[in-house]
Amino acid sequence: MLLSIFEHLGIFVFAISGLLTASEKRLDYFGGMVIAFFTALGGGTVRDLLLNTEVRWMESSVLIFTALSGALVGIIFKQYLIKLRRTFFFFDTIGLGLFTILGIQKGIQFEQIPVTCLFLGLISATFGGVIRDVLCNEIPLIFRKEIYATAGIVGGLCYLGFRMIGWHNSASMIVCVFIIILIRILSVIYGWKMPILKKEDN
Amino acid sequence: MLLSIFEHLGIFVFAISGLLTASEKRLDYFGGMVIAFFTALGGGTVRDLLLNTEVRWMESSVLIFTALSGALVGIIFKQYLIKLRRTFFFFDTIGLGLFTILGIQKGIQFEQIPVTCLFLGLISATFGGVIRDVLCNEIPLIFRKEIYATAGIVGGLCYLGFRMIGWHNSASMIVCVFIIILIRILSVIYGWKMPILKKEDN
Amino acid sequence: MLLSIFEHLGIFVFAISGLLTASEKRLDYFGGMVIAFFTALGGGTVRDLLLNTEVRWMESSVLIFTALSGALVGIIFKQYLIKLRRTFFFFDTIGLGLFTILGIQKGIQFEQIPVTCLFLGLISATFGGVIRDVLCNEIPLIFRKEIYATAGIVGGLCYLGFRMIGWHNSASMIVCVFIIILIRILSVIYGWKMPILKKEDN
């Protein structure tokens, strides 16, 4: 129940982030809605396509409604939302943690090998943002800034480890979502960054 | 029968539009052919992938032939085609109307919920152009200019409504394709546009 | 056996090429790994999605390991690899030839029509590079430079022809991979290029 609320909050916030990116590109309302929709639900779509299973939002008017509401709230409250950076960051980070672990669980459910499960988790959590940036004609943000997916990798590896040594699913999930959130928050506080591939002197 | 002719004309014209966009980017003949192909058949491809069913052009040498002919005609008659803007616009608009409704019908046939059917219709009609613009390194045109997908949304909603109140399929289809074409033509004549998300004063 | 070694070498080299492109864009280590991964395995992924079958790398930790090793080698030996252009070109060309024919074979195995088999071969061999360039915000290289996919088209058509007139699979395969490699090498030596769509005087 609580899980479902946080999942919808995550989708809602991802949709708003898509809308705000679109608005910086001077897109129109329709373009903004489309990009918000795919930012929110694109990661899960790619995961389900790879798993060769039914795409989750296609069967759920609630998920579609949540994503479109996020887009609508983004359109109406654009100016105010920009000031709420911290609230945003908070739910975006919960979304990252939650979608990573949910994606891994779906992989396990479909009997994928562990490394594929980890990739499916990362794809669930981050590919919405990748699609958003590709549609907005930018190099995806997660490829060049901050610790983001890396937090998901660490938390995801912990989750796979906990499950292998026989931990209970719910316990592993809660702990690992917190690990991801913690790494992400610490990385922003202390300015941790992935090293850049090309240095000036190359 | 008439339906099939118009469908192939739509694909043919979409392929030409892909070729002309590619030629503005100074791509080579091969790049032009690929982009023309995906502009013409990419929307249906994404629709079929989402429906987890066989991709339609893969089983139909006629569809492939139509798309490649459009590309070839585009290569040969580039200079003359640019003068035929009105003829183009006419068939592109028929394509928009037809593919939207055909996509919705395919969604209904696969027992999807109504909002998903509408999205499948829009994806069929517009994602070829989205893929074209992404491959040409542009922000998709339909996200930032004119009433295009919006005409499809209105017509698609009408179609879903007509079917719900029990109208016959063919009648609903013809009326709704005309609604889409009409909105699109009126929007061009009167210069209707979707509002832009970001205004100067923001 | 030899086939499998060359296939992994091809994937390895494709991963390195993805990493080097990413490093020119000043991405971070994570971005470089992701782009290397999709350069190496993205073509096969699109092929398998279109065939509505299980995505090959998802079931094979060896393929994933090969792609990630290529990325890692790329990160560590970046400076030295740039000097090995010829070795690279050699394995990239083997990859092109091999993946084209392997993709066609997979299409035949799934009972696709010949033209679709050819397209699946080309997609296997070239779409990794297309995804790499889209993620790096460039117009795909194969749409605008040199004879690359064209070599695959010629070799692929020969393969389909040889199979139709009853040649043995292995013989056809070896001959056609060599045809592709030969055309590619000759095109680089003699500077063959596809004509550009738009000329200055248009």
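Think of it as A, B and C in the order they're written, each chain with its own count starting at 1.
Definition applied: a residue touches a chain if its C-beta (ideal position, glycine included) is under 8 Å from a C-beta of that chain, and two chains touch if they have at least 3 such contacts.
Treat the numbers as computed from the prediction; the structure is a model and nothing was measured.
Participant: Fit chain B to chain C on CA atoms, both being copies of the same sequence, and give the resulting rotation angle in degrees, nearest 5.
Facilitator: The two chains, chain B and chain C, differ by a rotation of 120 degrees.
Participant: Please state whether the interface between chain A and chain B is built from the same residues or different ones, using more than half shared residue numbers as the mark of same.
Facilitator: Both copies, chain A as well as chain B, present different residues to each other, with under half of the numbers appearing on both sides.
Participant: Can you compute the centre-to-centre distance for chain A and chain B, using the mean CA position of each chain? Integer Å is fine.
Facilitator: Chain A and chain B have C-alpha centres separated by 30 Å.
Participant: Considering chain A alone, which of its residues make contact with at least two other chains?
Facilitator: Within chain A, the residues that touch at least two other chains are 49, 52, 134, 137.
Participant: Please give the residue numbers of chain A that touch chain C in the complex, ascending.
Facilitator: These residues of chain A touch chain C: 49-50, 52, 112-113, 115-116, 119, 130, 134, 137-140, 142-145, 149-150, 193-198, 202.
Participant: Spell out the residues on chain A that touch chain B in their complex, using ranges where they run on.
Facilitator: 19, 22-32, 34-35, 45, 49, 52-55, 57-59, 61, 64, 75, 78-79, 134-137
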